[in-house]
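Chain IDs A, B, C and D follow the sequence of writing; residue 1 opens each chain.
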């Protein structure tokens, strides 16, 4: 069961991991975008990591809402509204819940991923963060159906995210800046799929 | 990376400090929120014009704030859309009772952030908000399979013309309709001789060989339509003018308004030379130039290169173009 | 060499073609002689202001031709003084009966060519000619052992202020006296992050390592006072402001007019950032800024870098600065 | 005895030599000036080389006057007025003379060099073209005094010019653009001294 402490650990771990991979994310974005994904995400997640110093949170929903709002207000670009919406929708799904079990987390993740879809209107194969998040969600669901606990389901999700991320290399981007490249985007890994994989890897380390 | 900056993370904030110092009477800058306001905003009874986007395109947008053009501009990080909080704050601050028009360049980030701002502003009672998305870049073909055409040079012409309409006291609906008509009638194409370097990245966004150009480049150092061998100015001019003309539904009743825009690192002597080639091509195509503008207006940091924008002109558009404007980046008649 | 040009030998001629196309109503260009005239020259009873110099410094000088500023500008080859024939033709053409003032930047070539022109013009009956040499660059120290201080950023401020005086109908003597007083009261200092490339040379004029700047550079890519390690903007600002202040005889009654000038390849975002640093330093030194101008006004092709010019201000100078001007490069109040 | 044919041959040879050395002159100027000396001189001398196609000249004075005016009108920069004045003063000195002997050429060269001095106010050791021209004139004078014919005197002048040119390497420039460099100009050969040496080498090939 994941509590608010787990969720704060998640966001802190995510912020740390993003900072470590900032240059790498920016390099991916330089190749097919505008070279700012690393700094965008670092700016936003660093700000999120300060939230617990400034206030206390009554539960996961309360905390994730603040995280979502903070991302919306600090990241900018395409990833700001997308990650922001992800956390805001998770938060809504977890309102008034204190201990989050595998089923509930699945519903919350699904709400988050749906939020990204609504905001960005991406489809599978468009080479976006959705191509890491969608298979992650499916694997998570499958693992839970197969009886996995939180740890097992999140590990499966992280693994699927990484595979989905790697698969973006062979895709032609159809959303976001990379889409302007047309065929020339093939052969490049999508930066948002890379950061989304870091998000799920952080979850696997902290939520269970 | 060789730039006149301090910490790469402080570039936008510090440039706004300098901008405030340089234009104390004309602009009011909210440094906390990174919003550039015309000093006398809000203007009662006038539609408020709000634009914004990533920084690094100066003078766009902050340099186009002032009488006859924008009421507020939200500055994002370099090449990164500003956030909804900024747009909401700007919207509130410039609302003079006649509503607020958001002018949004068509980039996923800008569109989504402005969309969130409009949703949030709608939730707040009071301010009527309309939004127009600018997408004039013909370099982006298959717009079905992409994020759609980018908003580039037309933004400058549109902010000027719609700015004049708002200054005349036209309604929000009128201003939005005019803006949409301009979007339908304006097309651009750009090219780069060199890449730019995002301060926080510290390295050029793309590599271009000494004998290559990037054709169809955007304003963020996004790679363009294709790489071509370096060519003389007259051939480069044709590479820009031809696709624009092909996509434009003929000239307007009064010909076209032309913007020959520099990307930031190309000196004026080259821009004038290029404009000579563009004017010759338009003349050859029987397209009359009603008005022209040559210079660095929507840039991509220190990128060398240029873009051509054509807007179908009619009497009203030319009249609004000629109307007084008083901003740091564009000024006449005042 | 990556430039938007055709044949390197045709750059100046073709840029003038583009300039003529871009400003058909405001300028009249003699392409044979390479002289940019204000469309309504000569103005009867007004002192004619003629300047000129090598090309590559655009908008200077041709971009400063128009009501309230210059009557004619002679364009030389890139970084090469124009020839006496041009200056004589321009002098004749702008003479409205009140005499003609030559504004000459202090470079051996410019001074000698303008000198020959004045000698030849004196031989022709009729036109009264006065000449003022501008030498504001504090980077050149020992002026006894050199060709003397170069004329740089002050030229822009001087052409504007003396232009306004001439427009007011002041006499040749008055205009020349004013110009000399401004020369005595203005100082500049520049720096480069990168070299420029003269089109006919095809290679950068100097090499600068990734971590070096050239301090005290001129506007032709001439090497400067010294090489320094690349430094943050706030330190670079001090390297420019301090020697200028040290050489200036204090601020004027109304403080100073400041020009933060870009060398051509530095984007506006960096120039604003630098201006913020300059304004802070002036404030710290107790120097009041009466007026300021930030942008690319006297450039060195695509060189990245900037310069700072301070001119002691008084009521009259500020009034003349504020007077209407309508040129491609500087425009307000008209 | 040098006739108008010799003088036109001189100017044509000079134009050809300048064109051949254009890049080299520009390189010298890039190092301590603004990188245009080669193109300045090439533009002007090429124009001078066309004069004989366009009109006929009554004598050396008539021809050199036109050469001087053409240089003044086409070169620009510092070198235009300097070389222009050089030829104009030579022309005045040779007015009405058809066949130019060693003495007369010496007087004409001296008038030309004096013209450069008046125009540029340079002194020996300032690292300018004057540092090639002054020793050339002295050697010429000395050779004539020693009984040399035109060929011998011009050969001596060309040799002295080259030595004077090379000596500019050790000088600190005090005139023209190179003077802004101060001490940093040391170690560089002056471009104007290089072109002036070419002028005397052309003279040695054509005037005798």
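Just a few scattered comments:
Keep this in mind: a contact is a pair of C-beta atoms (placed from the backbone, for glycine too) under 8 Å apart; a residue touches a chain by one contact, two chains touch by 3 or more.
Keep in mind that what you see is a predicted model, and the values were worked out from it rather than measured.
For the pair subunit B and subunit D, chains touching both partners: C.
If you average the CA atoms of subunit A and of subunit B, the two centres end up 32 Å from each other.
Note: centroid distance subunit A to subunit C, computed from Cα atoms, is 54 Å.
Per-chain CA centroids place subunit B at a distance of 29 Å from subunit C.
We define each chain's centre as the mean of its Cα atoms; on that basis subunit A and subunit D are separated by 75 Å.
Residue positions of subunit D in touch with at least two other chains are not found.
In subunit C, the positions touching at least two other chains are 78. Viewed as a network of touching protein chains, the structure reduces to a simple linear path. Under the contact rule defined at the top, the touching pairs of chains are A-B, B-C, C-D.
Subunit D makes touch with subunit C in their complex at residues 26, 30, 32-36, 38-40, 43, 72-82, 84, 119-120, 172, 174-177, 179-182, 184. Contact residues on subunit B toward subunit C in their complex (touch as defined above): 2-7, 11-12, 14-22, 55-56, 58-59, 63, 78, 193-194, 210, 213, 230, 232-234, 236, 260, 264-277, 279, 289, 292, 294, 296, 299, 301-302, 304-306, 326, 331-334. Taken together, the subunit C residues at the contact with subunit D in this complex read 9, 54, 76-85, 107-109, 112-113, 115-116, 139-142, 145-147, 150, 198, 200-201, 203, 205-206, 218, 220-225.
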